[in-house]
């Protein structure tokens, strides 16, 4: 597609917010790994775009036990973080794609993309985003409830408490480009509580609260794994059937918890 | 926008969201990056952007304004092949040739970055590049040979270590 | 011999590694238009209205090609072999698979061509679709193919089945110690060449057409194009020979013919390059095979006879499927000598993409079925898998299902080589076996009658 | 979790050339005044190396260096008819056409050289671009000189044409399938062992190695043969485990439309591949060649299926062997539902998949 959409190139977060939220609302171009091909193939219309590559929004910093990741941080950089975020980022695409795709772009991409929503949900990550009404903070679900990614909205950064331990396992073909059919992220916080989230077990990333409750009540990994099915709403897609997802979710929950050292 | 493509300064007129692949192929007539999938899935369009391998189909040209872009045409000529190009000939790493340009670009970055001759390392670096012809065996051998520092005779090809030959009884000539 | 047998580099190797090899998408022609296709969104539907007026009137659109523009709409890939054609080049009043082309638009840019496709007005009356070949024979199944019905019915002798009959299958079943049956179902596979289907067609000043093609078979494609366009072969020049991967998927030539029509109609050069999505979802692929095998075996490991039912899922149209099934029937004993045979094979139509050639056409799924079945039989007999295979392996002058004597079979030798390469210890008797004509213990009574006179291949 | 290892075997055979034959290839050759050889053939190179192999056949047959040969398959105006590159026919059938054309060229070179050297052509030979007297190698003239003499002294064109057609086999008897002549140009044979690892909790299968033995006829270029066989092995792995246009076959829902949803093998699942290449020259192929391009993806799927059975004791007979199918089979085994029906002499597997379970319109059985 050779649309003549103008692209502005802000050189700071503030400029980026101003550019995205100005009328007409702009589409955010970060790594471009989804937007550019869609644009080439005429699957998306872009009136105006804002490229984040020079907005200095790709920092990753840690302070007071909290990690803050700029929305434009490439997955290759995120892959160097501890599990579950690092392991999940490492699982997306090949090295060339990882070098280009950003964590913010991933979060904003619809299923079956958007793997990073799983670990971030388990971590209880706080997203910070801007829209014409100002700057907002909230969890993954809050961001989605606000309408999620769309022209005029700019995800700024993602922050989470560095967990005591984290783990990530994925159901995917051992295949470089295969999309992940299902993944389980588990986190043990400083308080010792374990939180678990999955992608691919339901139409969008979800917490596995029943499994968490079993663990909190002193149950075993196996009991927690079995309980996880109650939180699933599996579906058929090109990657796996609903029946298979339901069947192996406990296996992957079990493996994530084993890895966590529960 | 301004690009340096294979050491030549080029001015680009395409709109800013145009993919680098489209700019290279359709505006600048540099046809070695291939439109294998145009979605980042196959690696046939990989080029070097400031020395790093990038999928040109995923890259908006505005994001590389001012950058130095190298395609396989810029790595060597028929008269002066690069070592990776020589290795691909000598180790028979190209069959139909359609994935070859992207692979050579990515392999050049791998070796140039000090990559080892370990097959696992090479596989991890290049695994996003599809080849439907070769089964990858000879591609991995070619890249490992460059990493090892081999020199290459491009007038002949090498057998892989994985092959042995026998002649059926009674058919010796 | 010095050149033959030498490890010479590829003839085109330098071009391949320097980006100089010219594939069809690399051909540059001044004034070239770009094409896009309108394809069916339904698996099975009547087209009740097709209006291209708005699309044709769009700025930048130079030609909209529909069925009405094709001089000979239906031409079969195997028409030269006497098999009737059944597939329209562009759908006329019925679409029989999702992705079936209905129109091709040539425009200044591919974006305009795509927009024009979206502006073509099509009304459908959707019909029930059939996907499972096992249901195709049912009386109440939707009728898939106008020419043949639900399965191909024009084999020699007006049979609706490809048959092999050899020896006496009933006697073999009677004599068997064990009768082992199994069902094997292999899938549809896309060839996935890295180069998608692509064509550049150029109307020349002298009235000829030059067609830059990615076909695996220039002369076959020339014949197909000239038939649809009703032109003598002298009026079309196919330019090609350099293909970015084919694996069987570039023997179909619909892209050449349609691009040529668009070039003729617009009077300008036209390029049509399929997107990866089109290649995956609408190009002909390897067809699924449903195979049921019943082997009659003795407790000491001889295969006395085989009954086999094969149903090939052709998709919506025949293309090469009858050829594929016949080849399949000729090889349905695999690497073994089986003297008593009863084979029935059907080409059944479904509302899926018409299937076409792919590497190992007609045999890949068959080999898969035969060899899993062989392993099962050996296990049921408690017999070593090498011993079972070597014993039944075809040998010089054993005969194939169609009575051709094997000239230089090497099943015995490749198995022995493989055993050696994998550290499998074969017993003395198995190590000493050769492919030579059967005699002694290797020529039991049931195999005597099937020995041929030799001289075949 | 337990990961189980297993090994499986498969043996295959495959014909060279089009089924039922009747697929012609033609070629012609001309020699330039400096002895360089131009070959015109309509055989597409789809990566298989037909340009290379046919050029080798021509160089060998005429007796000139490989780099004297140009090969033009670029268009149908200059090249004669070739049925195409499929059916493993490019080396055997089209190779025979260039072989015959090259033989003619060689005869004409000898005829002109005979006049130049005043020696009977039967006493001459051509090798390495020179015509020499048998037994007296010192007495010779270059093929370039012969070509120059043909052009400028004798007023002749050194040329050759060749065609190859295995006569088409009709199916003589529609009832029995008996044919009147061989329906193939040659047959080749191969065997393969797969070694796999199966995860019994998820059904995930990984192929660790493929070891293969191939009857290759005669290798025109061994490196190219290896390339075909390696590539076929990986394609066979894809067929066995990964690839499916209709993941919910027979329904047509949820199709993979790109590289991340349709699973062509990548380097990530490349097993160790080892090949034994056996020369077993065919009687009709150029220099004993057979076609092995296609058959090279036929043995792996069954070898993998058999290896899975060896590892975990289940048969999966619907392909590809996805983790879902393996796990379903393992569940059936755990629940005692995996045994075939055994009645007397009869052992019936997979009855739930049989057409008998779907319709009474087509009856089928022993």
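Each chain gets a letter, A, B, C and D, in the order it is written, and its residues are counted from 1.
We adopt the following convention: a contact is a pair of C-beta atoms (placed from the backbone, for glycine too) under 8 Å apart; a residue touches a chain by one contact, two chains touch by 3 or more.
All figures in this text were calculated on a predicted structure; none of them were measured in a lab.
Chain pair with the highest count of contacting C-beta pairs: C-D. If each chain is reduced to the centroid of its CA atoms, subunit B and subunit C end up 32 Å from each other.
One finds 46 Å separating the Cα centroids of subunit A and subunit D. Inter-chain centre distance (subunit A to subunit C, centres taken as mean C-alpha positions): 42 Å.
Shared contact sites, meaning residues of subunit A that touch two or more other chains, fall at 1-3, 41, 176-177. Shown for subunit C are the residues that touch two or more other chains, namely 6-10, 12, 192, 243-247, 275-277, 410, 413, 417, 421.
Multi-chain contact residues of subunit D, defined as those touching 2 or more other chains: 45-47, 49, 215, 219, 221-224, 232, 235, 255-256, 258-260, 264, 266-268, 274, 276, 278, 280. Viewed as a network of touching protein chains, the structure reduces to a complete graph with every chain in contact with every other. Of all residues in subunit D, only 1, 201-204, 206, 242, 247-248, 253-256, 259-261, 263, 265-269, 323-324, 327, 331 touch subunit A in the complex they form.
Within the complex formed with subunit C, the subunit B residues making contact are 25, 29-32, 34-39, 41-42, 44, 71-73, 76-78, 81, 85, 88-90, 92, 94-101, 104, 130-133, 154-159, 164, 166, 168-169.
Listed in rising order, the residues of subunit D touching subunit B in the complex are 45-49, 215, 219, 221-224, 226-227, 230-235, 258-260, 264, 266-268, 270, 272-281. Contact residues on subunit A toward subunit C in their complex (touch as defined above): 1-3, 41-42. Listing the residues of subunit C that touch subunit A in their complex gives 109-111, 114-115, 275, 277.
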